[in-house]
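Below are two complexes that have subunit A in common, paired first with subunit B and then with subunit C.
And now, the complex of A and B:
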């Protein structure tokens, strides 16, 4: 509307400006309508694209597939969920996925804490910007390139093997390699929130703690940790959820390991069983809801 | 955009319906497993002008335009001659092919026997008018109108070629050279953790084939027709094998890399993978073990919703023309379907090596077929496990 006003020759301007001005005056008087118009687009996005997709996921999880022709049978049944609950393999895979996600989160936390502390408190202020850039740089490279690079690094007789002392002595492909590569991939997502949290911690607090006689360990426990815990939890939401849903890394370096993501992928891509894939996909959704509810209580969501 | 696409699709359907008026009755009365009939879809009656492109789902190595190896190219000439631009999507497993064909985005597929019937009964592919494929007359009779490419005498595809799933090993590591599939099932194998297997439920048939020869008391007559007891035995064998496996493969490039690096030293393969690994200077050898093997007999099929049917037919005719068929057969390492292809191969012994005309040899090869409840070996007193059961078991095996 604005551009059409601009395009008009100056003489015709008032004719257009009239209704626009009247509309804006009317909106000014009706605050409710104004708010509705403002929120319509984002709400539409949230409800239709996001919650709608989730609803479709849950509904289609109740359908089944004709085993021979592959057509979806739209009759609601709980068969898919029954299979998931009764069949031991799905429990094993779900637990394994949670284990991988938890291990990645712990490793990333252990690496990120000292790195973020150095960046925020030890490094000179003008170096900080460059350190942040350095942390972010790996995110510019494609995920697949990094995963395949790790496949080569971890190959038999590859660099990682030599680090451990000759071909075959490294971890090779498998669960360990999966955790390693995922921890590498998601590390920036852990460092940045912790860095942001530590930056907000005034140096004077550390000095005051030292002046009052606290040693480094005590200062860390009593002063730094309370500030940084919400940031760590915020970072863990990223590393945990990203690891939980991953299926590509594990295909490339995971050897014969399957995670929930693989089962979903196989049921969509290979077995053509979309309803069962939908039923499987509800597992990570439920796990993440539980995790986020727990996180909300800690107040960490304000750090995101 | 969307309406344009719909309109084209509608026009294509209308054209097909009009075209098929004359012989619509031929595919009625088909009876599939359990008396299912394939949906009635009409075949193309006559060839029109090309549509400028064709979308193909194929196995790796079937559609080569010189980008893998400049000498390996049977696509460029086709594109020049017909004006049909070839777009190829490589699939790693039959299941992936079925899923891709269900999208309706693709015109032609090189389906193996474990996909073809699912595609036919799912209404995803149309019967083929073999009169429009001039090279069809030269196809070996042993491949025409078979259980996996026709229903009640109606052809649903053009035979492409056939071959066996082989046992590949690193010659510098695996000594002595294996002669039996037992090498990949031996619980005391020294190559534990470096054995690989094909990542698809259809691999259960490989275990069943091994049991067929080594545990005759199970009474397996056809590795794709397994009753409860036989099925459990095959699943158990694979669960034990899982402890020996380093990784399962479905992506052939990863298999090549794994054998080159030595992460895998023993396991199932296709001839084309052995060729690529050899070209990459990996010391590997692929053999047909004494038990025989599972294998494939592939068929070019045309989608029921093909948007480029005329280019699709031209592709099917081209790919089984003597020269192209010989090219694929040599590159992929399989027996060609066209008997005239044997004169066109660079290695004049190719047809002999791959037993193209040797029907007795192919009796030892169990072509991939879709397992269904009605046992494929003709037993009527028991129910066999269907493919859905195979798929679920495969997840359990991988654990």
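And now, the complex of A and C:
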């Protein structure tokens, strides 16, 4: 309001300031116009470039590829989904992928809980900041570099083999290695939300619980756990989703193991069957949407 | 909480083990870049600095690095603009679909990377290809910007929430027009949040491989793509190892900057 009543520019000639000032006053009165101006470009980008792309993807999942010519047949059919549901191979791979994502999430939770608890409640406050930095730094080291580090570690005759007593005696590459490396990659995404949740929990609550006679175990169940659960869920959205879509790590340390991501990748590349790849890609999306809807009630999504 | 002595020691041990788990693999890569044995037999029979010299002369790696920097800068610029705009809209206005907008911003990073990747690939193939626009560095930037918006948005939104609108109102009451208010009040408040968000966006883009695989045109190789395509070639292994070691050492730079810029404990990476 004030800008329209005051006609004294702070500096510069009023001839230059005039139109700018009138425009800014006009905008001040028209909140809807301002909002539209703010949202036009981002919404254009996200709705057209992204939602549009997702829509094209899901529509193309209903198309098929002509087996002889390799051309895409743009007629809607559920054939791709029928193949996925009925074919044993796809069911196995889908279940294996979900299993890997779940295992990674559980492992990360088990490793992250004591670490985050130590950082938030046991370590001296001036050490906390450095511990957070120590957890964060590997996030900036390249994803590939970390997967590669494990490829070197687990290689035939590499350091892990050496620990176990000679070439070929370590676990080597495979499904176990995939779970281990994915757990390694996403561990900070689990530690940090739990740490943030625990940091907000006042020490006085823990003391009160102890004063009222609760032992450490009971305090953990009744006081710490209710605070930690939403944080774990927030972290699990990352660990689960990131594991579910991964196909790089499994190529690097997984040996011959196949996950949904590999099948999608193969169908786009070598098999040149984009519609089928699109149909396969809807599996992780549906699982993630189901997961997000299920955890939404916990209020964990506010913490993302 | 009154923890027993042994419980404290257990937790301290768990923390130490956890940190060892996180840092040992990275240390091995650093050591291996000096391992004279071609196949990285362990423990290293001899040490050498020869791989570092060879990696420095590798044209493919340097070209890929430059492509990555270009893609990162492009995506960061777009993400800064779009993320700031959305953050302002969501924080300053109440409108229908506000929740949906904030969900839409998070979606590209919440869905698995391969889904974002092939969605954009499908769109490029079926919408842009008929118009004669092929994939290239441009499509990589579009892909990266799409998932980078969220980190700028989060940083700016957090800053706007904390600073409130009082300063802007005071500025308007003192006679500043919209531009002056933005230039002298709003922007200085946001500056460090924008720097932190931009840093994160660049880091995300620089490291990205899945979306890049699907959106890069022929001949466009970012550093991760270059590393991945050389990962399975035994005679390239020493060079890859040096590049990996360099990236590990370089990861200290952004964390140092983020710690100075960002006011969240997590450095804003989440």
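As a working rule, the second predicted complex is superposed on the first by the 275 of 304 C-alpha atoms of A that agree within 3 Å, B and C clash if a C-alpha of one lies under 4 Å from a C-alpha of the other, contacts with A are read in each partner's own complex, and residues count from 1 in each chain.
We take it that contacts are C-beta pairs under 8 Å (C-beta built on N, C-alpha and C of every residue); 3 or more make two chains touch, one makes a residue touch a chain.
The structure displayed is predicted, hence computed values, not measured ones.
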Identify the partner contact of A:87: answer first if only subunit B is touched, second if only subunit C is, both if each is, neither if none is.
first
Can A:143 be said to touch subunit B (first), subunit C (second), both, or neither?
second
Give one of first, second, both or neither to describe whether A:18 is in contact with subunit B, with subunit C, with both, or with none.
neither
Is A:172 touching the first partner subunit B, the second partner subunit C, both, or neither of them?
first
Mind working out whether A:268 is in touch with subunit B, subunit C, both or neither, as first, second, both or neither?
both
Looking at A:157 after the superposition, I want to know if it touches subunit B, subunit C, both of them or none. Which is it: first, second, both, neither?
both
Going by the contact rule set out at the top, does A:76 touch subunit B (first), subunit C (second), both, or neither?
neither
One more residue to check, A:99. First (subunit B), second (subunit C), both or neither?
neither
In the superposed arrangement, does A:258 touch subunit B (first), subunit C (second), both or neither?
first
Partner touching more residues of subunit A, subunit B vs subunit C, is chain C
Please write out, lowest number first, the residues of subunit A touched by both subunit B and subunit C across the two complexes.
151, 155, 157-158, 252, 268
How about subunit A: which of its residues touch subunit B in the complex?
65, 67-71, 83, 87, 89, 92-93, 151, 155-158, 167, 172-173, 252, 254-256, 258, 263, 266, 268-273
Which residues of subunit B touch subunit A in their complex?
33, 36, 93, 95-96, 98-99, 102, 118, 121-123, 193, 200-201, 242, 245-248, 254, 257, 261-263, 370, 372, 386-389, 391-392, 395-396, 398-399
For the complex, give me every residue of subunit A touching subunit C.
1-3, 6, 8-10, 17, 20-21, 23-25, 27-28, 31, 34-35, 38-39, 41-43, 45-47, 49-54, 56-57, 60, 111, 114-115, 117-119, 121-123, 129, 131-146, 148-153, 155, 157-159, 161-162, 184, 187-189, 192-193, 195-196, 199, 203, 206-207, 209-210, 216, 219, 237-238, 241-242, 244-248, 252, 261, 264-265, 268, 274, 277-278, 281, 284-285, 288, 292, 304
Subunit C contacts subunit A in the complex at 1-4, 7-8, 10-12, 14-15, 18-19, 21-23, 25-26, 28-29, 32, 39-43, 78, 81-83, 85-86, 88-89, 93, 95, 101, 104-108, 110-116, 118-123, 125-127, 142, 145-146, 149, 172-180, 203, 206-207, 209-210, 214, 223-224, 227-228, 231, 240-241, 244, 247-248, 251-252, 254-255, 258-259, 265-267, 269-270
